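When the chains are written out, they are named A, B, C, D, E and F in that same order, and each has its own residue count from 1.
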Amino acid sequence: MSVVVQTIPRARPEVIDGLARAGVATVHESQGRKGCLQSYMRPIYAGAQVAGSAVTISAPPGDNWMLHVAIEQLQAGDLLVLSPTSPCDNGYFGDLLATSAMARGCRGLIIDAGVRDIRDLTAMRFPVWSKAISAQGTVKETLGSVNIPIVFAGQVIEAGDIIVADDDGVVVVKLAEAEAVLAAANRRLAAEEAKRAKLAAGVLGLDLYDMRPALKAKGLTYV
Amino acid sequence: MSVVVQTIPRARPEVIDGLARAGVATVHESQGRKGCLQSYMRPIYAGAQVAGSAVTISAPPGDNWMLHVAIEQLQAGDLLVLSPTSPCDNGYFGDLLATSAMARGCRGLIIDAGVRDIRDLTAMRFPVWSKAISAQGTVKETLGSVNIPIVFAGQVIEAGDIIVADDDGVVVVKLAEAEAVLAAANRRLAAEEAKRAKLAAGVLGLDLYDMRPALKAKGLTYV
Amino acid sequence: MSVVVQTIPRARPEVIDGLARAGVATVHESQGRKGCLQSYMRPIYAGAQVAGSAVTISAPPGDNWMLHVAIEQLQAGDLLVLSPTSPCDNGYFGDLLATSAMARGCRGLIIDAGVRDIRDLTAMRFPVWSKAISAQGTVKETLGSVNIPIVFAGQVIEAGDIIVADDDGVVVVKLAEAEAVLAAANRRLAAEEAKRAKLAAGVLGLDLYDMRPALKAKGLTYV
Amino acid sequence: MSVVVQTIPRARPEVIDGLARAGVATVHESQGRKGCLQSYMRPIYAGAQVAGSAVTISAPPGDNWMLHVAIEQLQAGDLLVLSPTSPCDNGYFGDLLATSAMARGCRGLIIDAGVRDIRDLTAMRFPVWSKAISAQGTVKETLGSVNIPIVFAGQVIEAGDIIVADDDGVVVVKLAEAEAVLAAANRRLAAEEAKRAKLAAGVLGLDLYDMRPALKAKGLTYV
Amino acid sequence: MSVVVQTIPRARPEVIDGLARAGVATVHESQGRKGCLQSYMRPIYAGAQVAGSAVTISAPPGDNWMLHVAIEQLQAGDLLVLSPTSPCDNGYFGDLLATSAMARGCRGLIIDAGVRDIRDLTAMRFPVWSKAISAQGTVKETLGSVNIPIVFAGQVIEAGDIIVADDDGVVVVKLAEAEAVLAAANRRLAAEEAKRAKLAAGVLGLDLYDMRPALKAKGLTYV
Amino acid sequence: MSVVVQTIPRARPEVIDGLARAGVATVHESQGRKGCLQSYMRPIYAGAQVAGSAVTISAPPGDNWMLHVAIEQLQAGDLLVLSPTSPCDNGYFGDLLATSAMARGCRGLIIDAGVRDIRDLTAMRFPVWSKAISAQGTVKETLGSVNIPIVFAGQVIEAGDIIVADDDGVVVVKLAEAEAVLAAANRRLAAEEAKRAKLAAGVLGLDLYDMRPALKAKGLTYV
């Protein structure tokens, strides 16, 4: 059955923005090393770093009809998150859909399939993380669903989960854990700041983290 | 037998330039969703968008001798299009060959193999779409052919066919269909312009394309 | 047994810098077409071109402890070169390790695994050539070795070998051959300069390299 | 946190055995074309066709400790289903573990990683569907969990879900749907029997399924 | 436009059967090292060795409707040859279609996509060479064409071309060249018979083919 | 320079045969989890289990001339081990070369490239572990070397090293370590025999290896 869930929970905007500032690697560590999408998910251009509430789309292979349905469900601060029901590299999304999504405040697209109009999307600064780039488009014939839980590149994503994406890839934060993860991330960032200054001054990680005794105990031999 | 076909047909320059302006995704749609090379064909740098008449090269694996032969056949506005007879990732082409090709007005290279001297090619703004980047060069020992039909990443390409390439990949337009495809592409571009303005103003695709009745008829359920 | 070899031979700085200027493709040709790492090794950003003495690291999969140990062994002009003992795409290295390595004059990292904090590394201009990009980090539990010979993407690399890396990929020069390879590379570069000018002026490679007789002898037919 | 859920629901044995007889392709169709694991999951030998209740294992990469923990949870008719938390091809499982699992009535292993001792496993007729075959073993150092929901090759699998596997691959049936899926599968099998006899007698699918009017309506042209 | 070409040329049965006996590797050499499909095309079971006239099918991704149309066009001695218009791994073909095809004398299927019901097809000894095995089936909604030229795994195949397939893969012989290729293959097989006896008796290839002078001339050094 | 090293060291036949009996997985563990070739190396048919002294071949891509040179260097009990200098999937080896190699007592071929005549090689029971199967043959134009150290699928192999291969893949044992590895392997096999009996009788690995205290100490929780 094809359904569109119209009401979804969302994290508070300042939590989402805080997670965006922390970035993917820090968020991944801060939630106990979980939630990374598989590493084939790559940005279409370098330098974007965003977070948003997931509006999830389960779509048939080679059919982008549900993207139009999902765009109506977008609120400012959301990200579109599309997983096809069977592997597909076709270009589901291009500059017209991006124009429409941006008009509703959408912050980007995460898609386990292909995307096209890369030059236009780059010029518009509409960030996309995708499995493929392909000029080969799709049809609009078969239904899917919007805002149901989906399996995406090794993770389950539910509508309203927070997606963080940057040049390192994409990580999903469960909605219920978002505030705690942000707090942990902020602590981590603060601690890293102090470490960075020492490392830049030439202090070795071996000393900063007091690793020498443990290395010796494990049997590391210097020759 | 190894042959060089010296006289090939070409489309009119304004047709070629019009297809370049339309870009790969639009051309692909405008000719009935056919002609895309497989999506592993990627540009060596972002932002190039070109079209040209194909000067085709069938070359042995790891042997770039025929590139020199093909360059003599180039006219201004042509693209070199090389497919090896057996899969190969070696770097067939670098900055010296690009210098020679540019001296004859060549607009770029499409190669189902590897390329090298990426930094120089980028600085020269000589665009290449390739399967691989590899510093490992080739030899000059075995003949191939120039301007015969070749099979390339899932398509047949004949000398004089128009190749369009941009950040989305590469599409081939059959010479006999080029004028009609350009006309269809221009109609498509004009129509998209009006749609883009409406979508940017917040009109939904659901309404712009009148999708709601069809979605309802197929059974889409809002909850 | 896990060992750290503390004294390694290095080439003279001017040899290393000369090889950097020559670049990967020229160095590869100049040493008889050998030494290229497999072509899946790609830079995290375009435009870097470096050379350095290899400080080699053999590390367990998913464990980056030895990077801290190796950083202590760095001298100005060195490159970190890490190969895991079993295939792994995890992100072994990020901006803190880069800060520490740069404080010791390290010129970059070559890693047959993953890396993260791409945006920061790019901003710092710390170049990395890697097999993967992944936000998924590693642990610090198991020992490896530093400055022992390692097998890396199809080549054997010993501590002190010179690694050259640019947008074309990565090539290794054996320490004992470095001076001779540089001499050959410089001869090659000088010869290319003259050729480039002629090719730019429209002279064909067919004539510049006197290929026509050999092509004819092999049976190439013009039609 | 690492947990072992000791009590899991299971389908009735006759339902499980019925699904095994139906096979993967029929089950997939009978539950509305969903539930197939990605097609890289392949059997280690041809001809096995099984079904069982999933005992799920979430294990660290390169660490097979949890397999021992999971074997204690097995009942006759179960299948071990292991997904690593990070991609890994190591050989987690061999003939000793298979001996132990068979002693508890286990029907096979589904693993999104590697397996080894293929010759012994084949001789023992212990079927395995895996992503890889690798002699490289694992360690026993880090905890995971048993009988929690896992994401596996594009599907979510919960303990007690029914896994069906044969030469076509692997499909998961949600426990709550198992009886209905079996009923649908049995209807499908009965209908296929009649069709098979007619097709074997030379009746065309075009006529058996009355396709000619629809093909003509869509515009199929015979020349 | 979707068309079915109903009349196609075919080679004489004894030519087809002769090519089957020669096998893929010999045929490939005998026609000047051309015509091999890419090496990802693999048999679903070992030991089959067939040849037949190609009945070609161009089908949409994930849609197997045209297979039913093509089966009506089969004559005894034909092979079905299906290429999707966009990459797809779905299982287009199973035991019911095989039953129907066998009833018309079809010798097998060559498919640049997926197949299923492997256990049944193996039991029926209906050989298939495919890119993938997948239980995930297809729909019957969109037209394609039958007996038009198709691009398939790097080769162009026209209806009536002879396809030869065995454990080494698949090779296509152009219809117009079939008799000459068979003659060359038979000469090659006869010559190999004599060589095989000498090699089995311990004569070295170095002597049988008189390679020593050429190796010495090229500079091979024994140490 | 191209050389053939004519005199190589070899392990004693009973050591080689003992390693063959132990098999790949046991040998890999017995030498400290090292030496496995990457897991893409697969046997052409199931069930073979061999060991032999490596006669190494470094060959140009697409050129099998050196195989003839290497066969002259074979003694009974040797294995041919070929690595191309650039990635290549062509079929370097078929039934005629196998006939010649068998006449000299060769036990098989390990090749980081392609092989062909699979049906004949299977019938002859000449085992091959390869990266690919391809009917596309090679030429005999360029020299390589025999019995020099080669890099092969992640390992360095020297002439006379012992190669062990079975359905799990391939492992290399350094000649100097062969006797010690065999002793360790035999101890391991003996220990496994006792364990297998207990596991078959229903003793759990948790108890046999006394894992419960360590699992509890790490924090495993039963619910």
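Points to keep in mind about this one:
As a convention for this text, contacts are C-beta pairs under 8 Å (C-beta built on N, C-alpha and C of every residue); 3 or more make two chains touch, one makes a residue touch a chain.
Keep in mind that what you see is a predicted model, and the values were worked out from it rather than measured.
Common neighbours of chain A and chain B under the contact rule above are C, E.
Touching chain A and chain F at once are the following chains: B, C, D, E. For the pair chain B and chain E, the distance between C-alpha centroids works out to 30 Å. The centroid of the Cα atoms in chain D and the matching centroid in chain E are 31 Å apart.
Chain C and chain D, compared by their mean Cα positions, are separated by 44 Å. Chain E has residues 33, 87, 89, 136 in contact with two or more other chains.
Interchain contacts give a graph that is no line, ring or star and is not complete, per the touch definition above. Interface note: chains touch in the pairs A-B, A-C, A-D, A-E, B-C, B-E, B-F, C-D, C-F, D-E, D-F, E-F.
Note for the complex: chain B touches chain A at residues 23-25, 28-29, 33, 36, 39, 42, 46-47, 49, 166-169, 171, 192, 195-196, 199-206, 209, 211, 215, 218-223.
Residues 1-6, 45, 65, 68-69, 71-72, 89, 91, 94-97, 99-100, 102-104, 114, 116-119, 122, 132-137, 140, 142-143 of chain C are the ones touching chain A in the complex. Residues of chain B touching chain F in their complex: 61-62, 86-90, 136, 141.
Contacts from chain C toward chain F in the complex involve residues 33-34, 38, 85, 87, 151, 154-156.
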